[in-house]
Structures are given as C-alpha cells and as structure tokens.
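Across the two complexes that follow, chain A remains constant while its partner is chain B and subsequently chain C.
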Partner chain A sequence: MISFKSILLRCYVVLVFAVVFAPIIASFVFSFNSDRFPTVPLGSFTTHWYQQVISDSEFWEAFRNSAITAICTAIVATIIGFSAAYTDYRYQFFGKSVYLALGLLPPTIPLVIFGLAMLAWLSRLGMSGQSYSVFLAHVVMCTPFAMAIIRLRLSQMDESLEAAAWNLGASHWSALRHVVLPFVRPAIISALCLTAAVSFDEFAVAWFVSGLNKTVPVVVLEILQGQVDPRINAIGTFVFLTSMTLVVISQVFLLTRTTKS
Partner chain B sequence: MLWRAPLLIWQILFFVVPLFFLVYLSFWVVKNYRMTPALDPVNWIKMLSRDYFWSAYGLTLTMATVAALLVSLLAFPAAYTLAFKVSARVRQLAVFVLIIPFFTSYLVRIYAWQTLLAENGVINAFFSLLNLGPFTMLNTPIGTMVGYIALTLPLVVILQTISLANIDRSLVEAAHNLGCGKLRTILTVIIPLAKNGIIIGMVFCFILSFGDFVSPYYLGGSKPPTLSILIIDTTKAGQQWPKAAVVAITMIVTLFIVAIAAVAAAYKRPGTR
Partner chain C sequence: MPETQVEFENVSRHFGDFVAVDNIDFAIDRGEFIALMGPSGCGKTTTLRMLAGLDKPTSGIIRLSGTVMNDLGPQQRDTPMVWQSLALFPFLDVLGNVEFGLKMRGVAADERKKRALEWIERLGLGEFVKRQVTQLSGGQRQRVALARALVTEPEILLLDEPLSALDAHLVVRMQGELKRLQAELGITFFYVTHSQSEAFAMADRVIIMNEGRIAQIGAPREIYRTPANRFIAQFVGRNNIINGTVSSIAGNMATFTTPIGNFEAACPSVQPAERSEASFVVSGDLMKISKMRPDTKNQVECTLISEEFVGSFVTLFLESADATEFKVEVQQRELEQLELTPGGTFWLSWESGHAYVLPENA
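After this line comes the complex of A and B, so read on.
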C-alpha cells in the first residue's frame, strides 16, 4: 500500500515538473493566441504571429547566420573535442590536469564575462562583428560538451583493442581509422548534434560579438527589449523544434551503446 | 603532441588570452571617449569607491545565495522521491525529461514567465478566482528569483537525484532497523551521504544565478542593477569597457573563492570539523 506521505511527495514531483514546463507550454499555446497580451481566457486561434515571422526578412537573415554558425561550430568543436578526448584516453603527460581543466572550464565562466572578454579581444584583433565572430566564441563554449561525450564513449572501449591492431601491423593512423573511429562514431554524431543545439540557442556571447550579423537568439533578445510581442512565442516554437530534433538524434546515438554492448 | 595541439591552440587563443586581456583592459584609460592602453589603476579606484558598485555587489551576492539555498530546498523533496520512491526506469525518464529545458531557449522561457507573472497575467487571473491579488511580481526581486529558479531548478534536481540514488540502500535500511525515524534518517544519514551532490548543485545554482543577466533584467526590472547588468550597461554605454572589465574581474574572483570553498566543504573528511 502506498502511504499518504508518498502520494504527497509524488504530487510535489508533479508540481516541480509543472513549474519547469509551464513556460514552455505557455509559450507554445500563446503562439496561436490572437490577443496581443496573453492571459486567460484565451482569445481566438490564429497563425498570425507565425505568418509575421515567416514573412520577415530579418528573421531569415538571422536564421541563416544561426544555421551556418551552428554547423561550423559543431564540426570544429567536435574535431577539437575528439582530439582532446583521445589525448586524455591515450597519453599521460606532465600538466595533464591543467590541460583537462583548460578543456572543461569554459562553461563555468558567466556568459556576460566571457562575452565582454571576447568582445574586447576580438575588437583588438579587428575580428569583432564579423560573420565568423560568434563561431570563434561558440567553439570555445561547445568543445567541452563534445569532449565529454566522446571521452565517455572511449572509456567503454577495450584498451587492448587498439594495441592489438598495432601488434598486427596496423600503423597508428590506420588503427585509429579502422578501430577507434568506428567505435566512437555514435558519440561523434551525438556530439555534432548537441554542440549544434548549444550554439543555436546561445544568446549572450553572440549578443556581445555579433555586431550586425545577428543570430536568431540575438534577434529575440532585441525584440524582448521592446514591447510585449507574441512573435517571440512563434520564434520560440521554431527554435524549440530545431533544438529538440538535434537533441533527440543525439540521445538516440548515445543510447546505441547500451543496446549494442 | 599532435593530438594535444587543437584544444591548446583554440582555448588559449580564444579563452585564456581574452580573459587575461580583460585584466589588462581594466588598467586602460578612457580619455575623450577613446580607450588608450595604459597601466593606470584609475578604473579600479573609481569603481571600488562607488556606492552603487558595492550595493550591486551586495545585491547580486544576496540574490545568488538565496537562490542557491531556496532552489536546493525546493529540489530536495522531488529528488528524494525520484531517488527512493520510484523505479529506476521512471527515474531515468524523469532525468531525461528534466534535460529538455536546457535545450529550449532560455529567452523564450523568460518571456513566457514575463507574461505569466504580469499584473493581468495567468497567475494573477488564477489568484483572482480565489478573490486574492492582483500581486505585483514582475519588476520585483520575486520576479528575478522566479527566473533563477527556472534557470537552475532542473539541473539541481538532476544532480541531487543522481547523488541520492547512488547512496547504499543498506545504510538507510540499517538506520530504520535500528529505530531511526524517517525524518531523522533523512537528516543524519541520507543528507550527509549525499553531501557532495547537494553542495555541487548549490554551487552550480550560485554560479548560474550570479552571472545571469536575463532574469534580473526582464523579470526583476533591472533596478537596482546586479553586477551582470552593470557590466552590460557600462559596456553598451560607449567606451567604458575598462570599467566593465573591473566589474567582470571582481565577479570571477568572487566565483573562484566560492567554488574553492565549496569544493573544500564537499571533500572535507567526515569527523574533522
């Protein structure tokens, strides 16, 4: 029999989930609501806000910037992440803990501070406000995620597997290509999707360094500074679907390890 | 060496150097709205002698501390239930579902909270059914706190759930068998065993709240400003980057001290006080 207390605790868990998901659901519902200021009772159903967003050239421009930045970030961050994870897996060397800290520290620095540092440094180099400025910063922020995911997968690989390939006459490179890479491929795809999602959502550092090459979150931030505008909800649904697709693909590839092994 | 190079090059060029450059920048001088490289402590002296800097510092420290304690407290019953009262499958599913908010736009969620918390928003509409309110929540510290909770609650629940689920069940059963009450078991057995996870959750909540500018700006009304808002206002107001750099460095130093203190507390051996 389930006691009264544990029913109460379960209700509390449901309440916590409700609070966490309330804004996500509210934003979706209000994106189809005709009233400019959303409250209950709801107004009538409309796709007006979506039409406004779709017909807005500024939005498409931003979407293009975001997509290109996210794809480039994902590729470069995953390559760097792989090489760092492989370094950690294969080699012991002096100062390794400093090396790992360098790889994993960026997410702990507040975004405003990293944004300001990046703005100042890139301005000094004359690289601020360029089409690639956001990309440079996002690689720093995304590499730790790629590194962690790939390192986890590597730790599931039998260490003697690569050594066996060497003994059988494989060169370092071909052992890597035919033994290590096939094994970590799911993690690489997972890392690509996850880092793309992180980059696609990032607004603070992008706001500092993007200049006129605004990404979607930067446009949202600027709309937010003005009046109440339900277009944000419509863009939010759009961004949510993009990120969720990437995250679900990423999770599917991460979970293949449990089914296969 | 070849494998080490990519991370080293990128993170040094675009992470370590920018942060050190920020320190250098804080000693530059601004004359006639132009920044000139210098090694002048004038920004530090000016900034650290202003009352508004210290009131912003106190406010940010207080809000982040309250957020860390409040969110940990709010998260604990949920994490406890997920760790001890449900099956492993449900627990995994719950953790997975709690990851979703990280990949939804934080800005869109804050905008949703803005409309939910407004004077004529959904929450006040609910209160008016009970003949209460309307309450002013937007542009008050309550608004800021709601934003901090929205930002950090899922993460703290996940961290607490994982550390609680890893506790050796036989220790909890032993406590029960020896006649230890439910609440006393939680306070004297479970919480000490999950101490590390709880402290790490608090630290993450503190760091995220301390640096966040969206909640205090859009839900808290930006007045009085927190340190992060001070940075943005100072940066966006012309060429005052060196002053913004001073604020940023004091923030990093503060976070560094808090993180080290917390890690020391988490890994302190039991029995040494």
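After this line comes the complex of A and C, so read on.
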C-alpha cells in the first residue's frame, strides 16, 4: 500500500514537471529541426537556425543590450538591496515597517502597470528610450529580490557576531567588511545571479521603456509578430539556458546557508 | 598593595521606564577573579556590556585603570570578551578567528600569525589550526573563543556565561582550566554567570546582583556562610530560614522564640533589637538528622516530605509542625541507618554557632 501511494506521488511529480517543461523541450527540439513549421514528424537535424541567429546583427545588438543591462542591474540592485537589508538588521527607527513594506512593494505591482508608470515617469524626465532606461526600471524591479535574499541570510547571523568584531577592535566599517560581508557572501552571489536572470528575461517593462535599445525578449516579440520563424526556438533555447544557469547558481548559494553557517 | 583596575561609581542603566542597572558601585583589583552572579534579568549582562562599551550607562562613571571609559566605544577599549554564544566567525578557520583582534589592530601579517599560533598552541588547539570552527566540538570552540580574546594580551578578560552550552563533565574541567589560566596570566577575569557552582568554584570574590542592585560582594565562603539578606540566603546554597522573635541577646548570640521552639543564633555583624521580628539561617549541610531526639539546644521535630538524590549526597526535604520547610544535605552512607520513609518523623539539630542571624530582614 505504501509503495502504491509513493508510486502515485512520483507519477504526479513527473506529470507536473512534464507539463511545465514540455513547451521548453519542444522549443529546444524544433530549434534543431530543418522544417520551417513546427510539425511532427520532424525533418532532418540542422543547426541552420542557430547560424542565422548568430549572423544576425540585430540579435547581437539586442543581446549586448540585455547582457549589459542584466549585469549593471544585478550589481546596482544587489548593492541597494544589501544596504536596505542591513539597515533593517542593524537599526531600529520610527516607521521601520513602512520602510520595509515600501522596499518590498515593487514585485506586487502588475508588470504592465509598472511598465506604463515607468514609461510615463522616465519620459517626463526625458530619460525614456535611452540606453540606460531599461536598466533604471530593472533596478527598481530587482532590488526587492536582492533585499529579500540578503535579509534572509542576515537573519541567520548571530547577533553577537558584529559586536564581537567591535569588541576585538574593529571599527564599524571594518566589522562590516570583515564580518558582515563574508557572512552574507553566499546570499550576495545568489542575489547577483537572480537579479541578472530576472532582468535578462524581463519583457513587459523593457518593451515599454526600451525604445530603440531593444533587449532580447523585445526582439523575440518583434520577430514573432512578423511571421512564424524557427529562429525563435533557437533564441528561446539560448535564453532559457542562460537564465537557468543563473537561477541554479543562485539556488546553490542560497542553500549553502545550512551547511556553512 | 593591590591596584584598583575597574571602578563602577553609581552606575545606572535605564531602558525607557525599565531600570536594568540601579546605581551600582564597586571596585575590582588588578588580577582578581570576579564572578558576577544573579538570577536572569538581574542586570549582570548589562553591567558586563557597559564595561565592554557595548552599552552606555544612563548615569554614573565607569573607570578602567583610572581612565573614565563612559564615552569610549568598544573598539577603543582593551576589554575582550568570551561570548555566551561564543560568536566565533563561522567563515574563518581557527587561525583566522584567533588572529582577528590583531588584524583589526593593524599588526603585520607575519607577526600576527606567529602570536596567534602561540595562543592556539597554548590552548591545545595545535592540530586544528586550519580547521573551520564549525567542525570543532563544543570544548574546542570554547578554547578558540578564549584564544581569540587573549591574543591581544589584555589586562582584563570578560566572560559572559561561557560554559552554559557545555556538557556537565566538560564544565567542571573548563572551570579548572580557566582558574589555572587566570592564575598563570595574572590578569583580571570578570565572569558573569547565573550558576552558583561556577561562581563559587572559581572566583576570588563574588558580586551578587538582584533587580539591578548589588545584593552582596564577598568571598564565596563569606557569602555562603554569612548571607547579607534573605534574597541571598535563598539564592545561595541549601539554606534554611527560620523566622521568629528575638527574646534576648547575650554577647553576639541571640535567642529566638518561634512557634517550633527556642533557638540560638550567632549575630557577629549586626545585632537585632530585643523583642524584634528577625530571621536566622542554617545551611542545609550543617544540620544533623536523627531518628531519636538529640541531646542538644537547637532541635526541631519534622516530617519527611521527599528526597533528592544527587550522587554521593542526598537532599532531604522536611516540614515542621508549623509548615516551615527544611532542607538537609546528608552523605549517602549516613542514610543507611535512618530508614527513610516519607511521612516518618525525624529530629533536626544544629550547633548555635552554625546559625546566623540575617542582618537585614527584607
């Protein structure tokens, strides 16, 4: 009876993963298929669509934009996220709960509304459609993720640890550098990867504010609007692998907390 | 002539309306082993934190080697501490932890490694130099915490209940080691604990705090035999407190009239007024128990309630006719002749010189 139950449970888990990953696997399979339309039976194996993507300057331009935006977003969002989390950890002040609520608010706003608001705000300041527009919007979007991850790690830190450093002659800055930062390092790496992945994947907000500086998801939409193009499968596979790598690294560092703390 | 090292002058610490430390005043000599003891919430940890500069007094003056420390941050004092949680840096190995204090003080890399290794060696951690502190046992971590605090060669070491996380057998061993280390180094140890056995086993003098105030300062033996007030008599040891009226005083011996008989008790320091209400204390280990009525002055008949067996001795809980509780410590081997049965009646007796009148009947 026990084994029957556990077999049922396993089947259920496999089914859930199958449903989640089926479209991605299909996209991966068709990216190597010679036929123009995604139909079964498959045609012959080809890397033609990848070659087309690689030789396309518009794609490279978008990839460059996406990569630079993702890297800059990750760094800035993680710095702000760390500062916000550390402020919360170290200090008690009036209105702290409001501060925290505001800090963690952005992900709860629907993306379309967030993108529209960003467009309206940035264009009023004359900053929309610039090379840094998507970056600015993504920092706002990603900072709460970085803050949440680093806060979690800080909450596992023995409260005496920093005081112990002061007690041994460390100034507030050197205690921060030699004790707090090393302690939260796994969370910082995790936050860098996760925010980079979020920024690299993000479409809605980027579509609103990117203007001519298109990122990869925006270009994908433009290709799709024109025609059914198997290049999409190639790009999709590539984007998926990039994001998954970042998310997996992020998770690995997030989970080191129990073994290394 | 011993030199005064630490002075607390009318120091108070308030947290809003709550008075954690209430106007305390004491001095410690260089090289003393001081235990600061009291129940939880008595203000002992706040006192320690103020000495380390991690907390500021609301009023009063703290001096260290004659210098007023009130406005100095923790970085500017040489008052390293062994923390209750140990607070070792989990991302550093043993060497990294021990040399931390030297690194923060700007000692060159070679020099600090050499000095750290000396202390690691001295505390018997030689084989663990490169080990992560998370991979060490409780006792080894304890030693790392000690080495880390002592590496800067301070004149005073603060210890905040450092043995509370260890197993009982390890506690006794570490007590011996701490005492030996303190004697070897000749520096002041300021040891905060709630455990009477730790305080009495190691300290030259014990400061007992209660509700933010100092209840008594003295050598362990002095506190044990001549408690200053009812709180200490109850807090320390297995003391029996008997209330009554003073009927007469002769020399430094007072005679008490109580519902359970007349007793004599010594009053060497403060003499109670005749016909006043007062109390006296008899330590549980100085009481004798017998089946037959003894031929002595101070005696009372009691009923056995229960017994508590702790290794070689047993604590007996008894009750007299007026429901006064008595606690008596008896060697295990003495018990064999007594035929203990709950509800059985026994006679307790003690010498007049072993009874001590509480100076303050609070």
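Here is the rule we use: the second predicted complex is superposed on the first by the 248 of 261 C-alpha atoms of A that agree within 3 Å, B and C clash if a C-alpha of one lies under 4 Å from a C-alpha of the other, contacts with A are read in each partner's own complex, and residues count from 1 in each chain.
By definition in this document, a contact is a pair of C-beta atoms (placed from the backbone, for glycine too) under 8 Å apart; a residue touches a chain by one contact, two chains touch by 3 or more.
Bear in mind the structure is a predicted one, so any value in this text is a computation, not a measurement.
Bringing the complexes onto one copy of chain A puts chain B beside chain C with no clash. In the superposed model, A:161 makes contact with chain C only, not with chain B. Taking Cα centres throughout, chain A sits at the apex of an angle toward chain B and chain C that amounts to 100 degrees, reported as a multiple of 10. Applying the stated contact rule after C-alpha superposition, one finds that A:132 touches neither chain B nor chain C. In the superposition on chain A, contact is made by A:182 with chain C only, not with chain B. When the shared chain is aligned, chain C comes close enough to touch A:169, but chain B does not.
Among chain B and chain C, the chain that touches a larger number of residues in chain A is B.
No C-alpha atom of chain B lies closer than 20 Å to one of chain C in the superposed arrangement.
Considering their complex, residues 158, 160-161, 163-171, 174, 178-179, 182-183, 185, 260-261 of chain A touch chain C. For chain C in complex with chain A, the residues that touch the partner chain are 52-54, 73-75, 79-81, 83-85, 87, 89-92, 100-101, 103-105, 134, 148-149, 152. Against chain A, the residues of chain B that register as touching in their complex are 3-8, 10-12, 14-19, 21-22, 25, 74-75, 77-78, 80-82, 85, 94, 96-101, 103-116, 118, 120-122, 125-126, 149-150, 153-154, 157, 207, 210-214, 218, 228, 231-232, 235, 241, 244-245, 248, 251-252, 255, 259.
Across the complex, chain B is touched by residues 6, 9-10, 12-13, 16-17, 19-24, 26-27, 30, 37-40, 79-80, 83-84, 86-87, 90-91, 93, 99, 102-103, 105-106, 108-114, 116-122, 124, 136-137, 139-140, 143, 147, 197, 201, 203-204, 208, 217, 220-221, 224, 228, 232-233, 235-236, 239-240, 243-244, 246-247, 251 of chain A.
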